[in-house]
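What follows is a single structure, written as structure tokens, with notes after it.
In this document, chain identifiers A, B, C and D correspond to the written order of the chains, with residue numbering beginning at 1 in each.
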Amino acid sequence: MNGPFDFTLALGDDALVAAQRLGEWATRAPEMEEDIALANIALDQLGAARLLLSYAGELEGAGRDEDALAFLRDDREFRNCLLVELPNGDFAVTMVKLLLLSAYQVPLYTALAGCADERLAAIGAKARKESAYHLDHSALWVKRLGDGTDESHRRAQAAVDQLWPYHHELFTADPAAPVDPAALRADFDAVVSPVLAEATLTRPADGWKPGGGRAGVHTEHLSFLLAEMQVLHRAHPGAQW
Amino acid sequence: DDPAAYFAEVIDADHKIEPRDWMPDAYRRTLVRQIAQHAHSEIIGMQPEGNWISRAPSLKRKAILLAKVQDEAGHGLYLYAAAETLGVSRDELVELLLDGRQKYSSIFNYPTLTWADVGAIGWLVDGAAIVNQVPLCRCSYGPYARAMIRVCKEESFHQRQGYEILHTLAHGTPAQRAMAQDALDRWWYPSLAMFGPPDGDSTHSAQSMAWKIKRFSNDELRQRFVDMCVRQAEILGLTIPDPDLRWNETRQAYDFTQPDYDELMRVIKGEGPCNRQRMEHRRRAHADGAWVREAATAYAVKQRAGAQRERVAA
Amino acid sequence: MNGPFDFTLALGDDALVAAQRLGEWATRAPEMEEDIALANIALDQLGAARLLLSYAGELEGAGRDEDALAFLRDDREFRNCLLVELPNGDFAVTMVKLLLLSAYQVPLYTALAGCADERLAAIGAKARKESAYHLDHSALWVKRLGDGTDESHRRAQAAVDQLWPYHHELFTADPAAPVDPAALRADFDAVVSPVLAEATLTRPADGWKPGGGRAGVHTEHLSFLLAEMQVLHRAHPGAQW
Amino acid sequence: DDPAAYFAEVIDADHKIEPRDWMPDAYRRTLVRQIAQHAHSEIIGMQPEGNWISRAPSLKRKAILLAKVQDEAGHGLYLYAAAETLGVSRDELVELLLDGRQKYSSIFNYPTLTWADVGAIGWLVDGAAIVNQVPLCRCSYGPYARAMIRVCKEESFHQRQGYEILHTLAHGTPAQRAMAQDALDRWWYPSLAMFGPPDGDSTHSAQSMAWKIKRFSNDELRQRFVDMCVRQAEILGLTIPDPDLRWNETRQAYDFTQPDYDELMRVIKGEGPCNRQRMEHRRRAHADGAWVREAATAYAVKQRAGAQRERVAA
């Protein structure tokens, strides 16, 4: 990443794609209360995405608003991390994904709240409280699933094994950015390790470290997500909604 | 001290029956059926609109739609809670829905084919629901009346949002305008049918009116809805698909074509375009979530046992 | 349906949407030979779709070629029957769907081969041979699944129960059309009933008769299929490929 | 009558070893490994291109792509059949793939991100495969050589189609042109890596050359591929992403930057972008199809039993 535009765009894309995936759960959650909770979290991510993308558009100065950035870029132009674009899988995959994401977003937004850029600081101050709730919610579920039944333990461990490699990308050093992601690693570990331990889940060894999302080299999943998300907006160029 | 006399008195005085009060079995059964059906409708009703969350054409509309579908889940929860005050559990009611022994509103058995359908559902379907539900805020059963007050407030918010979607489309590009008119064409008669069969054919109405569960007949409510929509459609610049719609000076109301009640009966029977899809979706979500609910229960048991051990050791 | 344009378009849409669904099986079939067979059938349907849509475009006379008709209409303008747009489901659903479709397409294309319109007659003559193969292939699989194991019988019967209502739409009378679909019903029954009997499957009672596809009133599934199918073509207006 | 002498003589005379001929165990093992890996590559290789069947931008391109992916399944089948002549069954080989004990070409562990990738795979990946495989048409083992003749014929057809996709894009709109260049940028070095490690690090090569399974070294083939591509890239008007690419008058060949062999080793080890995805996809398809294969077997047994009863009764 290079400047504040790229940084802000990447964070906005993380939040937008996360919101899109969480929105897929609507009407499908394991209990009604969880339908409400997942919608809440999706709304928080979407809210953060709107603020970040709007600000990214201003930083760019090319006249692109939040919708132009959300609906009129293809996957090679999206800068989100790979973690958020992976398919939802079962509820364990979704909750482990949210745990990893929010354990990154909490220290990120907290650091942002104290940064020199006032707009980013305001966004960070708002979003960190929401992320703290996402972290609590996902941590509780990961414990329930990990230390629940044999079936739920098996699924939760499979989810951790599947997703663990994708967290590395989140902490790729970027010293020039308003917040250097590499500096957030310790906070992440301090949160995630005890949750996994309490959940009786094994933290996988660090091996494969997939990345590329910040450079627009994504998994094959993202272009399908965008095809669906953008279909209506793109079908009516220039229309107001 | 005659509980039946007390019940009659409360009804008569337009006061509220509360959960601990004596009530006739038939009153209780009627309420359970009606509240449960209403709760089920909120839950199943999330599907047609949920179908467009992933494709909403702007981020603002996506947020509004997500929040709306979330509100419906919330309404489902209050209504199940209201039904629970009558001595049934939510789990039992959910089973009755999944088994097909209890119904939900037939309107949700129509598909949402375009984005304009999201607007039409907000305007017409929520609009019809409000016309139905506003009198329920004065229903004789306290917990239901109170739930309805909260639901109606949010529903009228949703209705405005739906109307606003259609208004934007109707004043947008020719393709958007056509989309809005097409949605009105498809949703108009099913919305009229939401008020149920004509009064002559309505089976439960008289008793419900006597008990002050219901306050107006199906046909009265339908008329109120039509009169409201005609003015709103004019502002939208859309045409209600009824060539016989016209103002009747004598009645001070609009004459209109009745919906196809045979179609309504077929849809209630299970032969609407989406009955099977809606039920399968609900059953699959419920079945897919079973292992999660079991895990949550097992974890809670372990946690309680742990807390118990700690108390004993202390 | 009204004239030869609507008729030809509807048949072309049937074939195109069927090809799209069959193409989703690529790399997912239960055995390698079946991967090849399903691709063959998808290619046949796609070939018929191209001929029919090209001819429909000529009949319309508005300058729309096969790609304009395939990629630049939305679901409300598609005229395919609902049967072909339903999700693939498991292999039993796919094979029962193909049985119902090809038991309709064989007599349809056969009748078309003898019709007065030379272009339609030529398309019918080519396509009927291909459809006869699709019918053989699906009939054999329906027998294998129906009279295979308990599991396969259960799945095959569930597929028949799910799909049976959708066959009614195929035979909606249209006396003005080059071939009146209502006239094909007896041939369909003569083929399907013995296959189901040999497969030890129960033909469901006729009750619910969903329809609307020929009038552009589809299931909620079609617009998702089209969003994916059309995404690239629509993203580059006017481009050549 | 010394079978080893006869084997050596056949190899020496550039004749073919056939399935019933004696052959050294190591020769057999080498061939089984190589042919199986090749077959697995065809089957796994269906995935990256299969990813674009549903989204092909014209019906003609969709048909061509479907047919290509189908051909790859066909190649897989001939190659498994060729391996079976060496005394292993397809089912065993498929198990070895699914268990991760046998490999497939690492190139298929990269994602297809845009439509241009379908073109790049045809041009570069099939192109590299052909450069590798044309000499295999003269391989000392008859069934493999014959399978390769058929495969190569179809591959060169696929290569032309891929080239044609890129040609159309490179001469299309600016966005299409950028898409084509981006695909070349991403696929160039992984394609060079398809020829394997440099000759000095190649473990099996010398023996395979002696047995006339292999006819040219990895580096010779890589050079041939680069020389071919440079001319073709010029016609396309695309830039090979190698600033050090230049004609060497002395060698009468292009100098070029070697691919990152550490990356190749990581991808072989399982750490490419799509290794897990490709294997999971294959395992899921195999597992999801189990009930179908069981049904086909059960049906065949019943049919045979029925035929038997008829014969006995006759």
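Definition applied: contacts are C-beta pairs under 8 Å (C-beta built on N, C-alpha and C of every residue); 3 or more make two chains touch, one makes a residue touch a chain.
None of these values were measured; they are calculated from a predicted model.
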Higher-contact pair (C-beta pairs counted), A-B versus B-C: A-B
Length of the line joining the C-alpha centres of chain A and chain B, rounded to whole Å: 34
Gap in Å, rounded to a whole number, between the CA centres of chain D and chain C: 34
Whole-Å gap separating chain B and chain D, where each centre is the average of the chain's CA atoms: 58
For chain B, residues that touch 2 or more chains besides their own: 55
Chain A, residues touching no fewer than two other chains: 74, 223, 227-228, 231
Contact graph of the chains (line, ring, star, complete, other): other
Interfacial residue positions of chain A with respect to chain C in the complex: 74, 223-224, 227-228, 231, 234-235
Partner chain D, residues of chain C touching it in the complex: 16, 19-20, 23-24, 26-36, 39-40, 42-43, 46-47, 49-50, 53, 66-67, 70-71, 90-91, 143-145, 147-149, 151-152, 155, 228-229, 231-233, 236, 238-241
Partner chain C, residues of chain B touching it in the complex: 51, 55, 111-114, 182, 186, 270-271, 273-274, 276-277
Residues of chain C that touch chain B when the two form their complex: 74-76, 162, 207-210, 212, 217-220, 223, 227
Chain A-touching residues of chain B, taken from the complex the two chains share: 43, 46-47, 50, 53-63, 66-67, 69-70, 73-74, 76-77, 115, 165, 168, 172-173, 175-176, 281, 285, 288-296, 298-299, 302
